[in-house]
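Lettered A, B, C and D in written order, each chain numbered from 1.
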Amino acid sequence: MIRFLRSHYWITGLFAILALLLVITKIIQPEYGASGIDSLARAALPFAFAAAAQTVVVIAGGIDLSIASMMAVTSVTAAVMMDGASEEYAIFVVIFVLCLGALMGTINGLLIVLTRVPDIVVTLAMLFVWEGVALMILKAPGGAAAEWLKGLLVGSLSIPGIPDAVTVWFPKSLILLAVCLMAVWIPFRRSRFGLSVYAIGSNSLAAFRTGVSVNRVKVGAYAMAGLFAAMGGLVLTMSTGIGAPIPGPYLLASVAAVVLGGVVLGGGRGGLLGPIVAVFILRLVRTDLTFLAVDPNITTIVEGTIMVVVVMIGGLLAVRGRRS
Amino acid sequence: SDYTIGVSNTVQGNGWREEMVCAMKAQAKASGKVKSLNIAHRNTDAAGQLEDIRNLIEAGVDAIVVNPANPEGINSAIKEATDKGIVVVAVDQAVTEPSAYVLSNNQEEYAYLGAKWLFEEIGGKGSVVYMRGAAGAAADDDRDKGFKRALAEYPDVKVAHEVFTGWQQDQGKQQILDYIATGIPFDGVWTSGIDNVIVDAFVESDVPLVPIVGADNAGFVGQLNSVDGLVGAAVTNPGSVGGAGVTLAIQLLDGDKPDAQTVLVDPQLWENKTEEGKAQLAAAADPSLDPEWPVSIMIPGWTTYSKEDIIACKGPGE
Amino acid sequence: MATEPLLEASGVVKSFGAVLALRNASLEVAPGEVVALMGANGAGKSTLVKILTGAIRPDAGQIRIKGRDHRVHSPAQARQTGLVPVYQEPSLIPDLDVAANLRLSNTPVEPFLKWVEELGIAGLHLDEPVLRLPLATLRILDLARALASEPDVLLLDEMTAALPTDLVERVLKVVRQQCELDRSVIYISHRFSEISSLCDRATVLRDGETVGTVEVGPGSEERIVEMMLGAPVKSAEEIVRATGSALPVQTQETPRLRVRNLSSGTKLSDVSFEMRAGEVLGVVALEGQGQDELFEVLAGFERPSGGHIEIDGRDVRFHHPADAIAAGHVYVPGDRADALLMQRSVRENIALPFYARPFRWGNINMGKEKSRVGAAIERLQIDTRAQGEVQRLSGGNQQKVTIARWIAAGVRTLLCFDPTRGIDIRTKREIYPLLRELADQGSSVLLYTSELEEVQLACDRAVVIFNGRVVDVIDAHDADEPTLMRAAYGLTAGDANAKAPTGEAAEASPS
Amino acid sequence: MTMPAQDDLSIAKRIRRFLRDHPLVPLVVLLIALVVILELMRPGIFNERWIGNTIKFAIPLAMLAACQTLTMLTGGIDLSVGIAATISAFVVATQVAILGTPGAIAVSLIPAILIGIANGIGVGLFRVHPLIMTLGTGLIGTGCLQVYQRTVIATGSSVPDILAWLGTGRTFGAPNSLLVFVPMAALIIYALRRTGFGRLLYALGENEDAARLAGVRSWQVILALYALSGLIAGITGLIYVGLIKAPSLSLAVPLLLPSVAAAVIGGTSIFGGRGTYSGTIVGALILTVLTTMLTVLQMPEGSRRILFGLIILAVTAVYVRITEDS
């Protein structure tokens, strides 16, 4: 246990901050309860998927600036396809859109591998390309989402045998998030592919010499990021009921969450849990500031300060850790 | 009575939106009925606005005034709010959720009015430069409908060039300068509110001015009054609609229901050709305002604050 | 030839941009044979190994394995055909633990652990992140991993360069076992002692071309050297002054450097010694006995956890290498990649310390810089034909750049950590006299070397460190290899039944 | 190592080597090609007025891209320059009525430099990743600007004449902003080539450990670097507000991504250690011409953006091919 805490001190610290924030929230707003958790989880959803997408590529030693644009493409595609279609048809839409996301990610990855242009430049260019594609699909916000899909995010599951008083604390959106992430992440971590992603991020030359197909793994990592981005896009359509072609603020948020979550920019180190907890922390900070009716401009300052200070403390701890 | 009113806005750092927020604060203070104003003001999308509205619901506000990111995307949160008895007023842009009250600027009419004036001005034929807002934005789409409606009425008018400024001054200026440099003649410019830099571009390039349609931003109104040879029209698009939204919310909380769920604030057009228009422009001009702020800082019948109030930009308790 | 060669390469050509690394390389290995691949720094040995194992693709050439033509596209494919390399640089993934690294390369764990044990690393945890392991352990793990896949041909590229003597012995033993199983080994090393005790034949590369193959035996050494260098070289004795003419001992003078009870973390405890002006002081230690920490503390990289450093009788404290440099202590690390800007020119690399301090950030006097740098290049005889980027220089010349920098900047105390690691014999024989010359001009040199024979060639005295303490100080006269070796194992001359067994020394290295 | 004899080389190889050793040449060729394409698309556009406008708009971009080039040389990046420039622009426009032009200009540069110093402290002393640090200070700067804006609504704003003259005026047909830009660019190019500071930037970007070993205290260099970056951003804001003449709260923010793109197109490595400012200047010109090309091209906005992205990618891909070894 102690060994776990020491090697996972960053995650432990994040959970502690989250717990502290929840306590603070309860103090500021004594009525804060299950419905607050529900709103928190729903707000966190798109950010969490964006962060997951970014996490994969950052672990692989890259960075993807086109995540928010890919989310826009998948969101509008889903909304356009579901507009006027039957409820059952939406299942195919979901599958199609997930494939589309993986395809876009694959294209990003292939371009990086084939052009040998640095990741950050390729994905910067693709940010414009995917944004353009979203605009071609839908000129202005519109489309629709199937009712059952929208319903997936609302309320909580009632599980027989467990009293509602308990399940209400685990809203559907939180469960959806956990299920989607784990369905991809757990097999990923167990697979040789997952190992290879960490390997190329850690030292691509050594990975190559160990027999890892560096290029294929890299493309795979970007494809996975595309898949997560598609989930994020779907969630956007599910929560708003429409698709909007303008990318939301998910790019910088995903980078911030990844770094706050203890994933090292440069690759090889980190996991998914940290960034997800970081997303919840950032959302909860905003909630608290709204509760406190703080001047909205101060809110921006506070968010920036938190980001900088947490990472600074992390840096200090890391320096200390290396000394001792 | 002491109300708590929540505000949700999704564009930060734009003069129009800043004026809207200041109008909300000034009106809340002037009304004397608002205890505190809880403002969520940032750059985000509809999903982010859903989050803000839900946070406001959790914060226990009595009413929410929103400038919606788009007409449909935030319906679910609005419904949640109204189900809890919270009054929701959408300003600037309509929403399709029926339980919300709407007090919006009529964007389609805004574009139609200005475009029609422009096409008349160039004699019903010729070509115009069509400088739109941000691609993919709901307001831009509404305005496009109005512009296209006017265009359909003047079959001899052609769009020489259509471009998105993204509602950014620098982009608009570079785009018009580039187009002027091509040397292709055109007869007029319709802008979606990025207007004063367009006039500057003509003046700096030393090319003859053509008729220009803009919004009632302080900078452009000043130019309509002062720039030699500039023929143009300002279409009102008051940011102070935010203040009106607060008034409507307070009325609703007080139990006064308006006749209709939706009130459209119809735009006016002030041209610097007619005496009447000149007088309106002269009266409206206000060089002390930020050039990006609309000069119509008050809406008679809806707002009760003074100019000092809105400029002070202080809400209740500040 | 009686048996069909297991591996046969001929006419291999490879260029990196303007650099023609291999122009016509060939190599032949029969089953059960150990073939040495010899050549000066930059001759193309590593490049050939990489081509044979699919890590890079040749521009031209033929590779036959067991008599069949082969195109090796990737290291994974090479492994399948039985060719398994241990490259010159560690190839384990730093951020993964050992177990994950094994899984990644599909290496069976049981045999791997058996080999690790056999090679003398005890107490390895499979869940240890590779990042935390010392270099020597990494090399051994690389080898154990290669052995565990039971290769037909094992390619070892300077496997022993960074290993302490005890581990080298184990490696040699294991390699010999391989041949007994009719497996072949291609062995690269700059150490003739290893070649003569291990190899059957030596294939010599010069400037990317195979110039011949020599049966290893008595007297073959001189022939190999001649082939490697293309011209006869002076022998060690000719260039190094006789050790007998050591500096007159000046005990009364204040020492240049006095270290008292120095300790750092768990690795270095209570080290004391003195170094005089004009002296080359050797440091002898097995792997991981605290010598790394000693140099890091003296160079200002780490703060000591206790003890004193005195320079010319004055107590000093270093918070940053800049402090040490200001006090005249300059450091030449063992890994030249740590000290060089590989993509910058020779000139910029040498001039780097000139501009370190803020008041020197301004205009560069190009003429003055050129003459200072030029003088240092001249003095060290750096081959600057490819001076555009340091990475295009051969390893030996790169090493000279790391020293030239401090000669240009002016040096009082030079801390050299294994400066001849992986360096060919000619360059080595240029570096010893250079260090001597510096000392003769009044500088002091602290020299750690992993090759014990160097101590007598270059040093006046040697301090021996064992388990974080100084266990002996030996005069160069008496510092023959057996003496040093005994001392390095913690067995002082007069104390034959000392307590420290060899196992403990090996154990001390990981952790 | 062996150098093949000169006459072994085919013409193609020689051209390749020449291009590799003179990476500016392919960039300039590319720029000229873009201009030619533009002229073919819209005959007559290549005139004195257009050239003047292009230079005017390329200058602020190239100046912000200078911040990216300098920080990228050390392996960093500065995402706060967009807001730092905007703050300077906004402050100068709102303070000119109170402090007079010289005073307002002096005061307006302070926040930009402060942001730079904050970045330098975070990156240099606390070892925060530059991406996060500058993102954070950018957010903080945005908030502060909004708060400040509330306090000066009543003051109104105006662009000082000297800045308008610099930003929009011309002398003998040449944009006046060249008066600021040319000396600044010359200074940066000189600093990178012929000063100790420049050498240290390359050194830190390539191998920080090696620099440390040579006695460089990297935090000093980083702090000075980011402060300098802030200062350049501030000056850019002043020029830009003179050019646009509308001090909005997001004036220079749209220049941020293009400034990164300009540096990268100009051959600066995002990983540090490689790049020149002259390349960045050509990169900024290429981007500006590209923007014009897409403005002039009549096509739906969606395809316009797709084309923009693809051209950036193609340009860098070609450039990487040409300049890389082997």
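General remarks:
Operating definition for what follows: contacts are C-beta pairs under 8 Å (C-beta built on N, C-alpha and C of every residue); 3 or more make two chains touch, one makes a residue touch a chain.
None of the values given here were measured: they were computed from a predicted structure.
For the pairs A-C and C-D, the count of C-beta pairs in contact is higher at C-D.
In terms of their C-alpha centroids, the spacing between chain C and chain D amounts to 44 Å. Put simply, the C-alpha centre of chain B and that of chain C have 72 angstrom between them. With centres set at the average Cα position, the gap from chain A to chain D is 31 Å. Multi-chain contact residues, meaning those touching two or more other chains, do not occur anywhere in chain C.
Annotation for chain A: residues touching 2 or more other chains are 134-135, 295-297, 299-300. Multi-chain contact residues of chain B (touching two or more other chains) are listed as 12, 135. Pairs of chains meeting the touch criterion are A-B, A-C, A-D, B-D, C-D. Looking at the complex, you find that chain D touches chain B at residues 42, 44-45, 47, 49-50, 53, 57, 142, 145-146, 149-150, 153-157, 168, 240, 243-255, 291-292, 295-296, 298, 301-302. For chain D in complex with chain A, the residues that touch the partner chain are 122, 126-129, 131-133, 135-144, 146-147, 150, 257, 260-261, 264, 269-271, 300-310, 312-313, 316-317, 320-321, 324. By the touch criterion given at the top, residues 12-15, 18, 22, 135, 161-164, 166, 168-171, 173-175, 177-184, 196-197, 200, 204-205, 219, 287-292, 311-313 of chain B touch chain D in their complex.
By the touch criterion stated above, chain D contacts chain C in their complex at residues 1-4, 17, 20, 194-197, 199-200, 202-203, 206-207, 209-217, 220, 224, 273-274, 325-326.
Contact residues of chain C toward chain A in the complex are 55, 74-76, 79, 85, 87, 89-96, 100-101, 103-106.
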